[in-house]
Each structure stands twice: as C-alpha cells, then as structure tokens.
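Pasting the structures in now, so scroll down.
The same chain A turns up in both complexes below, where it pairs with chain B and then with chain C.
Our next item is the complex of A and B:
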C-alpha cells in the first residue's frame, strides 16, 4: 500500500459538486433572527449616531453599536506585538466607505434593512487620503490622529528595514543601474461563499458560532477577546469553507453576530450580500515598489535598493506582518549580496487590505521578476542565463542572513527551458543547485559564502 | 495587427507563517472495530487539507484510506490549529497529523505485541494488518487489535501529536537579521507565458503557460496539480483582468457585482503544462512543502515580460488592460516612454515614482545613486 503519492479524489469533493456539503448559510436554527449592518456611506467623517428609532420598530430585537462591545478595539495580531487600531463598530469616526457602525437583528432581512434606514447618523465629512505616495506630504489628510503610517515595527520603528553588505560600494562598482516602479492592483478574494456568521445562545450559557473562518481557533480567540470571555464559553463550528484565499482570516461576521445574539437572546445570522463582499470586505493590498539594481555588464546583480509602500487601507489588520514577510523575500529566487530595503505600511481611507494568497510576496514577485526581465533586456543578455547566473545556490544567504539549504531555482528554470526547447550554452545547461564554485563564485559573493561555510 | 511574445519568471515562496511560531495539534482515536477518527483543527478552504491529512494518517498508521474519518468540524472536539493560511496546512498541520498517527501506531503495536507475544519492534502495520517482520503468517488485524484493546485490556487506542517551528526573532531591527530560519521550508517555481497582443484593440490573450514547481513531495499529485493550475487561473486574473479600483488610487467606479469586477472564467484559461519536481524538504511530512499560495505568483511577471516581447512596451501597473497597452503604444509611437539614461543609470517609470508624486520634503523620497 502506498497512500502518500496516490492520485486520490478529494475527500469531500462529491458533496461539494452535488450541493450537499453544508455551509454556514445552509444552517437554519429555530427562532433565528437575521442581521443587517449600517455601514458608512462616506470615506472619512466624524459621526454622531442615534439608534433609538430603529430599536422601537416592532420585530427588531437588537441594535448593536460600539457601546455593546466589552472590548471594541482588538488587534488580530496583538500576540505578535501589533497593537489594535480598528474598532469592531465605529465610535466617533468612520475611516472608510463601508465601515460597520451598527448591526440590527430582526425577524427577517427586509425588516432589519428597514431598521438600518431608521438609524440616524450625522456625518461631519473630512478630507480623505487615497494616494499612499502623498501620505507623508505635510498637507496630506490625516487618516489617524497619530499619523498616516504604521509606527510600531519592533515596538518603535516606523518602517521595516533590511540592510546587508555594502550597498553604496555595489552601486559604485556597477556598470549599469536599472531602476523601475511596479504597482500591482487591489484584488477581491471572490469566494463563492460570502462572509457569513451564525451565533446561537445555548441553554448552558455558551455561544455556538457557525463560522466561515479559515482558522477556527484564531477566530474563536478574536471573539473571546472582544467579549472578554474564556475560550470554553465558545464553540466554533466550521472547517468547511466556500473559498477563503486569505479574506476569511478576517473574522468579519462572527463577533457582531455573537453580540446581537447575546443582546437579543436569540440565534442571529449575518450573511453579507455579494455587493457587501465586493465593496466592503477587505482586499489584497495594492503595493507600490521602487527597485534599483546595481548590475555588471555581464549580468551579475551586485546590489539592490528598494522602497515599498504598502496600502493598508484604514487600519493595520495583518499588514505589518505582510510587509515584514515581503522584506524577507525581496531578492526573490536570487542571491543579491548588498541590500538596502525600506518599507512602510501606509494608511488610506479605503477598505482595509488583508491577507490574500501569496501575502506580501505575490506583488513582489511581479515587481522583482519583471525587473530582472528588464535588466536582461537592458544588458542584452538571455533572460534564462541572467536568472541562472544569479539563482540561489546551496549555502547562499537570504536577505536576513539565513543560509539556504536546498534551493531549486536552477532546476525549475532548466525544466522550463527544456519545455520551451530553449537552447542554452553548456555551462548553463549543466548547472545545478550545488554550492558556487569557479566562475560562479564571483568576488562579490566570496565573503558571504565563506561566512555560511563556517556556520556549517 | 496581432503579435506573439514569450516571457519567463522564477520565484520562491516560504512554507508556514513568516517567522514561524504557528502551532498545530491533532489527536486520533480508534473505534472498537479498528476504524480511525482524526480530530484536526485545520479548516479545508478548498485546498484539499482533509484529503492530504487523511492520506498522511493512512500511510503512517498503516490502514486503508477509507477506514479513516476526518473531523475538523468544531473546537470542542478538535485541538488548536493556527489556521489555513501561509501555505502551512500540509507541512505544519501535516506534521502534527504525522506525529499523532505515529503515536497511535505505537499503541496498536503495543496491544498487538501482547496478543502475538512478539516484541513490538519486530512488528509492522501493513494495509490494516499487524504482521511480524519476516514472518507474515504471524499477524493480527487492526480491528482485532482494537477489539482486544477495548474488551481484553480496557484501553483506548489513541495518539496525540503537535508541531511547532520555533519563532524566529528579529535580533537586529536595523538590518532585519534573524536568529533562526523564519520559514518552515522554501518552495521554488518557474513559469513561461506565451501571449498574443492586438496592437489595435490592446487586448492581451494568454495562449499558453508552462509551469514548473518544486513541491518537495506530492502527497497527492492530482491535488497539487489542481493547486498549480487553479493558481494559474488566479495569476491570469491578476495579470490581465482584476482590479478593485479601476482608477486607483481613486476609489470611483468600484464595482458592486461580478459584471463590474472581471475575474477570469474557464473559457479564458490557456493551455497549461505543469511540471513537478520532488526535492524533499528536510522537515516536512514525507518531504512535502507548501505550494498553495505561490501558485498564483509566477504568471503576472511572465505575462508582462511576454507582452514586452510581443509589442515592446513594459506595463508595470497591473492589470495589463487594453487601455494601458494602447496608451503605452501611443507613447512609444511619439518616441516617449524610453527610460531616462544618465551616466550608468537607466531609469524607467519615473512618472510613477514617489519622487515625482510626493511633495518635496516627504520622508518617502527615494534616493538613486548615479
């Protein structure tokens, strides 16, 4: 028997394709109420909220605002030292269009929507910031009173830095410096199943939460933190998710549904519409990346200077984590010994951005790889050969000085060259992932490779 | 007129959370008839983790795949898993599953050893049978072991496992130096794209993709190919179709329905050639690495390079829309859009730079030595 390596069909595939898998929105519980949210219609404003008229509507069982949340501001990554900055429900300011201000639980969705209309809000509109490149201008609108970019890297730094080798010397020695700017777009996760949460008060005082989360214990921790409850008062039910791609780490619907269930004493389901999913759920971040590489005319990349601005939207969420990961990988699959990287998490008045498939690196791979293609073009060198020459090899070090034990840059490139029938000179065709030697150990890599030999 | 072009890319991507420190825990019990219940906290978001983790249990415990029930349905029965993200469900959670299955196997062997009166180290579990190494006639089925455990010895056949790669601390915030590897493994991939670009309409058609991924070990080749090809479709969307803000950085005309937000459909899927390299990781279950996220990373740069090869313009803002192609071609025709060359500097895209857009004195200024 060999099960590992077998082409077995998906464990739960038949249920998915025959519509029999049970997702959160398929769950119906007796006495269940339906929720709708009041969301900010403006990008940036001071607000005053009056929910009294909505609460008086017959069939409305709970109107939840920030006043109902034991801990309204909780950061999803506080355990990693990223302080909370985002309220579950807006208090006196809204910082993006679509930000939740209140949640109404009522007998049906139409009634809940009607009650949302009955909530009175005064909006005192403020100028909004959208272009991250202008966030540090002296006349830029202020997204947060303390500033427009995240100031807490390693506690107190306002940017993520990488410094390695002697970048000034590399740029002095270079024959050519190639500089470019790369801007991948904000992307919606587009799960088939929108954000949905169902909270059910149990007879023993616990809450059961049917969740679309990608991370049951993580989301349970988020709800417990907002409620200031121990974990054993909560039971999360889920594990089968109708598409996530990173957006369902946000725990978007669970806590508001839980609060409405507690306030009404009834089960409450909050399911986002496709319109809310597209307009109000978090997105993949747009990134702004500027890269300048110091190269020799025969195709060695001696050094890289890079500036990254990460559009976080109105709040930090996971962005500082994403930027740190980005910085760790900003040389891509190549060995560049001299580095100067600065990255900022910048706030704007748009929907907060979050994790998405390839978090921190997808846009980076676009930038660094297109840049390498440009370098090959500028130098008139075959793009396969330029890549193979600078490819990570065993014992080379990452931007944060970790020796690479077994990189596969060379074999994957050679396989693609084979598949295309691309001719390569023998010295490239026979290249391996092994430690650099001979002409592949140029002077600019000797010192760093020697330091990893010692470590072995 | 239509022009063809090709471009390539080579990428790497980490397995597990950046800086690690992301635990997974699993427990396994055997029913009195030898069938197996696995309790894991890993959400299956379509990534196939239920299948992969069940395969790991079947292989490690030595029982048929269809004897295993996999339960990730709730937090009362399943222990902690940090979550299904960071390409960690096969490697990190898979290691917890592997350890739990090994522990359950030990327990099965312990009971079987008593029943067969053969030392546990001389026994193996193969396809649901505990057999003596070198003497396959001496055997007891796993169901009979479970019966004996339950009714003869008063024991529960169970196993627990947990996995945690230690957190890598940034020891020097000035340089970004870390004290430990900040990833569980690194995977690698290369990609080639062939495109056809219409210089009258600006339309880019991606005709073909070749992709090669080092997956460490394909626990399930069918599913890993599915990840790689599904990822190609998302990469195609990133490259030529999708954007939340058509006038980014402005927020106008953000679309509230799929008619306004263009994601790729199956008809737009090019022919994809998938090549798999199995270069086993040091610490992953059966040598596996995580490749699920990176599967949408190599296509956009390969497609953008292919567009240059076809019509001679570098599009560095995604997606590569017909409007962006046509505007770039117009600039090229007017003799604009060439990089600024000064000394040894070749500087592209200066109109997009913070140095052009930000006000003087901004801390976001970008210094370029020449």
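Our next item is the complex of A and C:
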C-alpha cells in the first residue's frame, strides 16, 4: 500500500500557494465581452419585457432573452425522468426574486450594467408563497398552474412514500408515542469563488466553455440541451472549482454566457457579484419534518410515522432526487421495522434549492438524532444505550428494504462514548454490529431481517 | 501613473479611481488576487501596499502611486517556494485555493511584523479572511509551522517514486497500467 495511509501532497497544492492555479475568472481571451444579468426585483409577477433601448447602446453586443434560447425550459434531471419546469430566462412570469430575465454582453462590466438598467420590464405583481406549511391552504398563492407541489413521482404520485411493516399495529402496541417537529433552515453554500462562466466561439463553429461546474459532463449535457446542439460541438474546460459544496452542480452561468457568445460572435464572461450569490444562487433546502414514534418503555422503537415538506423553491431542479434519498434515510442510523413516510417537494416563491453536502440527508440526521435523544429523555433511558439498542446491524434492512451489509452505527456510538468518557454497562460496551440474536432480536424485529444471503 | 509591482516598475493606464484589484487583474494580468466579493468582505483580494495588507478591491489605484505592491507572485515560485508557501502546501492550508492568496499575504505581513506570533495574533491577522473549505484549523497550523521554521528543506514535490521500491505495485483488475 503506497497511497492508503500515506501523507500525500495535494496534486494542485503548489499552484494554489503560488497563485498560479487558473480559475475561470483568471482566463483571459482577446476580444472578451463582459455580461450582466437583469434579474427579477420581485418574488412573483407577470412580466412584459422590452430590450430595444438596451440593444441600441453603443458597446452593447448582445441582449439575450428567452427568445434566443432554442430550448428554454429544461430540467436538470430529465435524464432520470423528472420533467423540466424551469426556464433559463423567464418568459411571461417570474417566480422568485433574482430570477434571470435577460443577459447583456458589452465591452465592459459597467457598460453591461448600464444596459441592464435600460431594459424596460412591466411587473404585474402577484401574491407570493414563502411558507411550505401553507402550500396546501385553499387560499395559498399558486406558484405553478398545476399546484404547489411536485406531482411526478413514480406512478404520477404527488409524494414520495414509504410503507414498511404494519405501522398501525406498532402504534397499538406502543407504551408511549413520542412526537417532534424539526425545521432546519436554508443554507447558502457561499463559495469564495462566485458563479462564473466564459464562453468562447471557435472558428470551427464549436464553443469552448470555461466552467466552474462541479459536474463537468453533467453541465455539458445541460448546455447542449438548451442549445439543442450535439455534445461534440462543445468543449468544456473545468476541474478547478473555487469552492462548490453542491452549489456548483447547478449549471448557472455557462448556458447564458454561451448564448451571449453565439449572439455576439465574441467571447463572453459572466461573473456573478457577491450580491447575486447571496440573493439568487441556489441554497440547501429548508425542511419541515414531523416525526411520531411508537416506543416501548424499555426503549425499543417499534414504528415511525413521518411527514416531510421539502422546500424546493420555485422549480424542481434536483429536489425530487434529494427527497427520495431523504426517504431512504428517514430512520437515520437505526432500525425501525414499521414505517409510514410521506414526503412532498413543495414549491415556493424562493430561490430554487439544490444539493449541499449530504443532499437530502444532513438536515434529516439533525432531526433523527434529536428525536432519538428526545425519546431517551421521555423514557428516562441513557441516550447512548437507546441508540445502541436500536442501532442498525448486519442483516437489518433500510426503509427501502436494502439489506445492510456493514452498518457502522454500533462502533461509531461506542467510539463517541469512549471519546466522551461516557460509562456504559458491559452488555453495551461489548456490543458489535453482528447480526441480531438473543435479546437483541425481539419478535418485532424478525420480519424486517434480510435473508442471510442478502446480507452476506 | 506608475506602480512597483513585485519589484518591477509598471506603467498603468487605468483611470485613477479604478480599484487596484481591477488594475492588477485586468490591466497587468496578475491574477492571484481574487474578486471574491468586491466589497471588502472576504479578503481574497488582499495584497501588500508598502508592506501592509490591503483589500485591493476597495483601494483606488491612484492612492498606490509610488508604493511597492506585492502579490503572491512576488513571494516565491513553484521551483523556489517561500517558507510560508511551503508551510501552506505541507500543512494542507489550501483546499480549493481561492482564498489562499489573501491568506498568504495577510500571514506574510504578520510574520514580517511579528516573527513569533501567538495563536491569537494569527487569528487576529486573518480575521475577515473567509475560507469555506478548511475550517481555518489547517491555515492557522500552516502559519504556526512557518513561524517555527517547521518546513521541509526539500521543497521538491514529493511523488510516488519516493515510495519503497521493494513494495510491489498492486493494480486493480483491468488497470491500464
């Protein structure tokens, strides 16, 4: 083993410490124009746009709107069967503050900003929805004409649901029902490098795109889809990302810069300001999670009912995928045999939300861990012992019935107890992740077990 | 107008109120200072003006006339890293690298002024320099290592060729190697 366990230098470290690493904003191309966006100043409105005055300004080389996009509405996850709902540039409606309406490419950034000011937009403001808990109210503002939540889960269900075991029976058998509501907020990724794209028209008709993307081939597909181009007309240059954390999976700057480059025939760089990053780059989704657990007085969690509202912002982007992951993980690191989970991807007039470090799961772990501690508190049981008792073990199955081959809950909890100097009785201190038997295999956990072959 | 940038006198054509950051990046092609926020909030544009760390995004170039301006390009080269640069590399003080130039310049100014800084001195010198990757711990460790002189004398980039030759290569099935 030459690599595992070795202290290896970063392959890009010397470039970083000598200031020579070349980020997209550091690329210089002769004849390059700078772009600025017109973004919606309101949360929800019908719009009419007139760009003619901006286009007449000397030094302005392209004003791009939805009319310039071969395929304006495209979904980032169409390849996974999630239909597109988001326009690259707003057409007749804006659904969040900061939504792009037009992009201007001009000789310099100041002139582009001046031309943005010259674009006329009439805003016919509409009521806006911000609170996912009110999305189903009869008088709630409508974000989309079809409603306020995503309707295209398998079988055209309007929710991601999990049904496992017999949850009604579990609640009948419970000594105590422990309930909790958990509401982690949106988080802005806030990379120090803002979203930046540079598109360069090549003499052979191709486009070279310097991208900050975290997912280069994915972004290539998104640009090609909007342009209705084959992939072989795009050359992507990427791999150097000035911080992403999930926020640069969304292909935000590349396609508009590409369209402006095609329209002007010149290289175009679009670099977002910090205000734009904080106002309208995607964030981690806020969630509303309601959990009710059926528990016995000696600390077994027999069943869980859970409702999750996932705030998708104005468009779906990756949210149906994130909520699906969330549903598969909704018991956390613990085995709960009887489950009833419903999750909704709810639309609001907020910036679309996206992946961030443990997409769909991190905020959920906050909720599940707090909830386990809450149960321990209600029952008066040591929270370490409650965790170890209900911990995932080899042969247990996840909410979506995947056999767990090597779950790490038990050794992790034991390590934490050790690090904190938390005393445990011998029966817990010597616990392992091995298949359940004896006192750790009560009747209610038998049915959820995978067969021996499935769990290795 | 003239600036002395990394020891070289440069003529500048930009308007007097142009931010120094813009002059360095767009006119002189010196791209280590970054446009992270362009409002003095993140520290990624920090350069030394007359030896003092300054946010170049907020500084009109006219106020720098006749001053020495130092950027990371003036600290050392890949072939000959300054000890502080080597320490950032060895201690993993740079992750995505975007904040690193500002961190280096602020740390360099600190060590010039205070060769043996306390942890509090380092935290104070780097206050207002934002990093979203490292959690700062390794950055502070790098400055401490540089101050201690705890930097490998062999600054050649280590490689897998340094590994024990008696150890056989283990290739995954189907490896092109």
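Assume the second predicted complex is superposed on the first by the 447 of 456 C-alpha atoms of A that agree within 3 Å, B and C clash if a C-alpha of one lies under 4 Å from a C-alpha of the other, contacts with A are read in each partner's own complex, and residues count from 1 in each chain.
The rule is short, and it goes like this: a residue touches a chain if its C-beta (ideal position, glycine included) is under 8 Å from a C-beta of that chain, and two chains touch if they have at least 3 such contacts.
A quick note: this is a predicted structure, and the numbers were derived from the prediction, not measured.
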#### Entry: Which of chain B and chain C A:396 touches, first, second, both or neither
neither
### Query
Just chain B (first), just chain C (second), both, or neither: which does A:2 touch?
both
### Dominant contact partner of chain A by residue count, chain C or chain B
B
### Task
Using the touch definition from the top, say if A:85 reaches chain B (first), chain C (second), both or neither.
neither
### Task
Quick one: classify A:12 as touching chain B (first), chain C (second), both or neither.
both
### Message
So in the superposed three-chain picture, is A:190 touching just chain B, just chain C, both, or none of them (first/second/both/neither)?
### Response
both
### Query
So, does A:370 touch the first partner chain B, the second partner chain C, both, or neither?
first
#### Entry: First, second, both or neither for A:243, with chain B first and chain C second
both
### Message
With both complexes superposed on chain A, which partner does A:274 reach: first (chain B), second (chain C), both or neither?
### Response
both
## Note on the structure
Where chain B and chain C land on the same part of chain A: residues 1-3, 6, 8-10, 12, 190, 241-245, 274
### Query
For chain C, which residues count as touching chain A in their complex?
25, 29, 31-32, 34-39, 41-42, 44, 71-73, 75-78, 81, 85-86, 88-90, 92-94, 96-101, 104, 130-133, 157-158, 160, 163-164, 167, 170
### Task
Write out the stretch or stretches of chain A touching chain C in their complex.
1-3, 6, 8-10, 12-23, 25-26, 28, 189-194, 241-245, 271, 273-274
